[in-house]
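Lettered A, B, C and D in written order, each chain numbered from 1.
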Amino acid sequence: MSASPALSLAFLAVVLGLGSSAISLLAGRQPRVLRLLAMPLVGLCGLAALGAGVLALTQGGSVSATLPLGLPWMPWHVRLDALSGLFLMVIGLVTSVLGLYGPAYVRSFEYGRDSLVALGGFTGLFLVGMLLVVLADDAFLFMVAWELMSLSSYFLVAFQHENAANRRAAFLYLLMAHIGGLTILLGFGVLAAFGGGFDFDAMRAATLSPGWASVAFALAFVGFGMKAGLVPMHAWLPEAHPVAPSHISALMSGVMLKVAVYGFIRVVLDLNGEVQWFWGVVLLAVGSVSALMGVLFALMQTDLKRLLAYSSVENLGIIFIALGLALLFQATEHSMLAALALVAALYHVINHALFKGLLFLGAGAILHSTHERDLEQMGGLLRRMPWTGYFFLIGCLSISALPPFNGFVSEWLTFQAALQAWQLESGVLRSLIPIASAVLALTGALVAATFVKVYGVAFLGQARSRHVRRARVVPFGMRAGQGVLALLCVLLGVLPTQVIHLIDPVATELLGTGMPQAGASGWLWLTPISAETASYSAPLSILALALIAGLAIWWFKRRTVRGVRRCDPWDCGFAAPTPRMQYTATAFAQPVRRVFGLLFEIEEDRTTGEDGVQRYRLRLTDRLWGLVYAPVARGVESASRRVVRLQSGNVRVYLGWTLATLLVLLWIISGA
Amino acid sequence: MISAWLIALLQALLCAALAPLLVGWVRKVKARLQNRRGAPVLQPYSDLRKLLFKETRVAHTASPLFRIAPYIVFVATWLAAATVPLIALDLPTARIADIIVLVGLLALARFFLALAGMDVGTAFGGMGASREMMVSALAEPAMLMAVFTLAMTAHSTSLVSVMEHHLADGFVLRPSYLFAFGALILVALAECGRIPVDNPSTHLELTMIHEAMILEYTGRHLALMEWAAQIKLLLYGVLVANLFFPWGIGAAFGPLALGIGLAAVVVKLGVLGAALAVGETVLAKMRLFRVPAFLNLALLLGLLGLLSHVILEVGA
Amino acid sequence: MSLTAMTLLQQFVLLLAALALFLSFVLLAQPRLVAAIHVFAWQGGLVAAVTLTVAMAGDASHLYFSALLTFGLKALLIPWMLHRLTRRLGLARHTETLTRPALVIMAAVVLVIFSYWVVVPMVAQGLAFTRNIIAVSLAVVLIGLLMMVFRQQAVAQVLGFMSMENGLFLAAVSATAGMPLVVELGVAFDVLVAMVLFGVFFFQIRESIDSLDVDRLNRLTETNEVEGAS
Amino acid sequence: MGTPGRPRGSLERLERGLCPSYAGGAPRMSALMLTLLAPLIGGVALILTRAPGPAGWLNLGVSALTFGGAIWLALSVGLQGSLEGAGFRVDAFNVYLVVLTAFVGMTTSIFSRPYMRHVCASGRISTGSLRIYHGMYQAFMLTMLVALTTDNLGVLWVAVEGATLATVLLVSLYRTPEAVEAAWKYFILCGVGIALALFGTVLTYFASQHVVQDPDAGLTWSVLYANAHALDPTVMRIAFVFLLVGYGTKVGLVPMHQWLPDAHSEGPTPMSAVLSGLLLNVALYAVVRLKMLVDGSLAETATPHLAGSLLMGFGLVSFVVAGLFLHRQRDIKRMFSYSSIEHMGLMTFAFGLGGPLATFGALLHMLVHSLTKSAIFVTVGHATHIAGTQAIDRIRGLIRTQPAVGWSLLIGVTAIAGFPPFGVFTSEFLLLTATMQSYPWLTVVLLSGLVVAFAGLFRHLHPMVYGTAPEGQQPVQANMLPVLLHLGLVLWLGLAIPSFLAAWLDSATQLITGSHLL
């Protein structure tokens, strides 16, 4: 069907995903089949996607094909170019790791009451949906794949449906996914109306008036932003992501949100013609708000997976800030800078997939080992699950954008792009961008606080509950899965020039120019614009770090005969500390909660029980819920209450309606 | 090339070596201002030496991370300091990291410091970590705003380029620099745990920030932590001094230029240290929840600096 | 076509139609059930007479059969069935008064005017003398519907329904000189079956709610308060 | 059957065959006769069959025979062009509805056999009632097939009225007060509606008398359509209002829809499946046929799109209002009947919109909606059987109790809510596209309506299928074959529309709008 090996590999990935799904469906009550056959197939599917993506990126150009499915006058068009290739790679990276992690993880569901058939079947479909979204080259296939992705992930969210909160989360998720999907469809409708067809080639060729282009942009932004979880369209995300099985959460947070980013880039930069500068401003504003709100809410959470989900909101905010910069620069015809910002965004896309995947897998490992998601019950896990502990640490360091890990590189690139604002002609824009970068800086610092809290409370200190004290090392597959992602986090942090070289074709394809300067001073030095403007050498910094630390340790080892001696903690000489005396996650977040109190709806409640024990209860809710979502729900509710009066139950009233309708219509047509 | 690397190494060692001296100097001036004789200026060296060779004890409840953290904190801080031009400008180490990487390296050190504080599982450690992260969360954007002002003026985030640009322009009165200077001073006070944000010489339980985190450390671990803190103070001092007043720094690698550079930086740091001591004598430590207001002032100054740069200096 | 230009037979058709309309009013306001059935039978008879007269005046032979069918069905069979049903249901002495008879009658008058207004553009271009009757037949249909809206008694509702059918027959005759035979037979068959089923339902309703008051058939509604689902 | 990979030649032959119409020979007529006589004779036989066991099988057999006839008919129409004569007319538009009707009739009878036996065994109805049920089932099929195939507007009316009469007894089959009440409302409202439609038919006949010389051909649709431009627009306008209100009542257009949820919820479940899946389609079919006449007649006037605008208005109102109704449901079958109203509204809107794309979409939507909705009703039958009630808040944990039923319900509702890869999505996609082209701002209304309806369905669906099952809830013996068959077809249509079906729908589109889409 296609001569290109990249496209063939991509098809192979789709087929493998379908195969995994089919095997799960057919295997029925044989959980071993799922574990030993379906999950590894998922991994293979990921590998194939990864291969296809890398091939597409390195070979350049694009390949298209049509599939004999779909509408009679519009078969499914698929196309693999650099942009699709990059996102295929992202999907492949996380998915292939699931092949290692999954078999051991799903084992814990074998004895549960929830059907593994559904788990395996929908996992495969979910992957197929994501792959096809990235491959689609016409709006119809895109929408089919998009909704397939939403729908199958919905079933995965509802997997453990005995819990009413999970059902509610699944409902909210599907509802908002549906709204988003329809909005995207509308956006495509606008583009197709001008392009005269639903295939992307027609849309590319079309020229839209600025007004309609902005409408299409707005629709795409709302639709994809809803999936990407941008504030204020994020309400579903912290509900839905945590309740899915952890490896699915990793897929949803790490990959599915990226597919939304893909869609947005595809529509706005590829299909929608001329870019307007104020689109960039909108993106900057929404991205900044999302980043800040996301991280603040993340910091307030005590449920580990929920915290990670909020952190995804934050990271998507960062990605959209970078995209906003790219649009701004592109609209003002600074293509080189636009390329820099776009590369920053795409780099962060890859990074977030890696470290968020890693963190969710780590959360899954904790869940597997302790059946606990509540941070307040954890503690001291580093000594009980050292592998997971160290991998998780790498994830935390990466997400906190600390050098020399990968998160830092993309954030650094974003800052570099923002600092080129002086090149813009408009003074207003010049002063707006620094504010966005201030927000970015604030966000970065708060992320660090969040993950100090997570790591400190969960892995350090002492266990706060009995089952956490009994935590054990997780099976090899799960450790290996985390290990691969952790290794990738480090590699992408240390070798940025190579990664940028890989991403570069995407920028060239979309913007007409890439970042030729990035590796101009050799592979050691990352110089996005020029060596004088900014440079960063991750290999050298990690070398220096390792060298000095090694020297210091070696020196101490040599000098001191005696090793360290163990003793009781000092704690300013107070009584021996118990686990209950440790700082809790809630307490950790208290200073920030006070500083940013305006954003939250806080309900605090201190009571002294009869036994004299003080109890403290804290409820923290999103103000946006009451401001945005509740009024809509109330509106529909009251409209439906009004409408049902039509069905009063009295047949004479019904007849009256018929008579009235008849008379009104006769009156209308006689008047006409 | 080799000589450049050697000078870079020398400068790095100089950083580490000078750091305790700065602290000793500040303490001495402070004591004098308070009508005390105070400890000798070289006392911090003795303290470090004592701690380095003392027996090291670690709590039963501590994890391996507790023992690794001091090395990472020290190394990250030192590496950050090494990338700041101290006595000469165009050093290869300076190209490893620009201003943002520098902030990132300091953040890395802080991350591990806070984790180490939480590791033993005592109440004070967690408290210190929590407060430290809040303070840094507010200080970091202010810091970045201040340096962005400089970076946008010089069109570069490389410290060397910023200083070169400044030197080439000569002495120009820039409103933006004034604001950025104020912001950076405030941030430096907060980050280095000086009055009025934190008191480095107190162990009064409920007011500690930095000290609370390293409460459980002893021996060489404590030495590394203390040394790192001293290097950090030096680093901020050098940043303030050389970014805003780069004159005197060696533009070439000749012995004369380096000697002048060293002398210049010592003088500048001496003045700054004295000013810090005066400030710490005059001011009182703030309540913890006044600190955000303090840092918001810093952020405001940073933003004003950036905006005044955009509005007043770039022109229409 | 002015009235004076018509033949006597044609004038007679108009007279009969006007009487049928009058009977609709009577039916609407008649409180006694049995009397209403009689009125309905008369109306059916009038429709049959109109058909017959049109057949004679217009020389449309197939209308003779139609007239016979109408007479048999509308004037004899259905009234007889209704009569029998009321007796078996014990409703022979049942009376039901409208709540605001004057208002209902006024509404019916308005409907007549409305029907005329609607049909005017159609009549204006008509040729045959019967075209004027369309307005009358539409009025009969609408008044039948009005009767169903205002009468609570199931049997009275059926009377309204059947009166609507009378209006339809009238329209078919007056506007088009009769429908094709197969249609006419089909319609008649349907009406007959409907009547049988109505009879069945009278008993079923009485069995279930002990009355034939349709207002008491109000279990199936959406307006009851629902507690929030989900 | 043709697949996408089918050689081009046969497709062209198929297309060629569908477009021109020439009189068919006797063997082709016998296909039609088989389709119509099977339910007629079968119905009589079933009335006479006393034993409940064989009756179910006989019902199934007759339905299968009808389906066979329909396929034969479709093949002959597909290959040799439309069939006219003896008062019948089978063209591309109605033959696909004939096949659909026969198919759903057959699959529902598969479901109905064990279901009704269970109902009979549980004592809710007597064996006599079962006889009525089976007889009326076939009578209903007969009337619908006649309504679809006839070429005479009068016979169409008679058949639609006959469909009401055949089903009204079925609605009250259980003899509960609710069932009787529902049947009465159904009877009265549809009776009145149909009476108004007759008035419209009379007016149409009146208009045709000027044009068509032969009085017996005055109600023949083909003749009228050929002369539509000559029909008097004033009369046709008034006639259309009556026809629209009349047949619209049967379509379930708001505000004449009130009988629909009552009748659906109180009748036996197989009846709900065919009512929702078929009767509404037939009524809509009638409306569309009449709209074609009116459009022809009004083409030269100031308001050429009057009929279309009216349909759009009714469609949109029905669509939105029904969506809101979904939010306040307590009875599962009522809920799905509102969903039917919603979808009929959507189709009405699309037919009103006109244009090849919208019409194609509407035809496809008719097909997929019927298949999906009848599958849902079959599943709902099992679900109510499991829970022993139709009350939504007492149906719980279906997936736990019987995964096949729970998942079928879930997937069916997902399909009806318009999620790909099911066919409903395809047709909604086409409709939205068509709306986008002519009335961009209405798409916002449509989308909001879809979302509201979706939320209404799922908020009730969730607790029913998910969660823990109540104590003592037992699985029942369920035959999921019809559901699988229907949903499988809908899935197939969502992934790829086979070319023969596309050609088929396209020639129907061509018939309705005068232009091809493909």
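To be clear about the criterion, a residue touches a chain if its C-beta (ideal position, glycine included) is under 8 Å from a C-beta of that chain, and two chains touch if they have at least 3 such contacts.
For clarity, every value in this text was computed on a predicted model and none was experimentally measured.
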Chains most often in contact, by C-beta pairs: A-B
Innermost chain by mean C-alpha position: A
Farthest-lying chain, centroid of Cα atoms versus that of chain D: B
Approximate Å spacing (C-alpha centroids) for the pair chain C, chain D: 31
Distance from chain B to chain A - Cα centre to Cα centre, in angstrom: 35
CA centroid of chain A to CA centroid of chain D, Å: 44
Where chain A and chain C are represented by their mean Cα positions, the distance between them in whole Å: 69
Per-residue overlap in chain C, given as positions that touch at least 2 other chains: 118, 121, 145, 148, 214, 217-220, 222, 230
Of all residues in chain A, the ones touching two or more other chains: 171, 644, 646-647, 651, 655, 658, 662, 666, 670
Overlap residues in chain D, where contacts from two or more other chains coincide: 184-185, 188, 192, 196, 238, 261, 325, 328, 459, 462-463
Full enumeration of touching chain pairs: A-B, A-C, A-D, C-D
Complex interface listing, chain A residues touching chain C: 168, 171, 644-652, 655-656, 658-659, 662-663, 666-667, 670
Complex interface listing, chain C residues touching chain D: 118-119, 121-122, 125, 134, 138, 141, 145, 148, 154, 157, 161, 164-165, 167-168, 171-172, 175-177, 179-183, 186-187, 189-190, 193-194, 197-198, 200-201, 204-205, 207-209, 214, 217-220, 222, 226-227, 229-230
Complex contacts: residues of chain C adjacent to chain A: 114, 117-118, 121, 142, 145-146, 148-152, 214-215, 217-223, 230
Complex contacts: residues of chain D adjacent to chain C: 87, 152, 154-155, 157-158, 161-162, 165, 168-169, 172, 175-178, 180-185, 187-188, 191-192, 195-196, 198-199, 202-203, 205-206, 209, 215-216, 218-219, 232, 234-235, 238, 261-262, 265-266, 325, 328-330, 392-393, 459-460, 462-463
Chain A-facing residues of chain D, complex: 4-5, 184-185, 188-189, 192-193, 196, 237-238, 241-242, 244-245, 249, 254-256, 258-259, 261, 302-303, 306, 310, 321, 324-328, 399-400, 403, 407, 414, 417, 419-421, 425-426, 429-430, 432-433, 436-437, 440, 443-444, 447, 450-452, 454-456, 458-459, 462-463, 466-468, 494-497, 499, 502-503, 506, 517-518
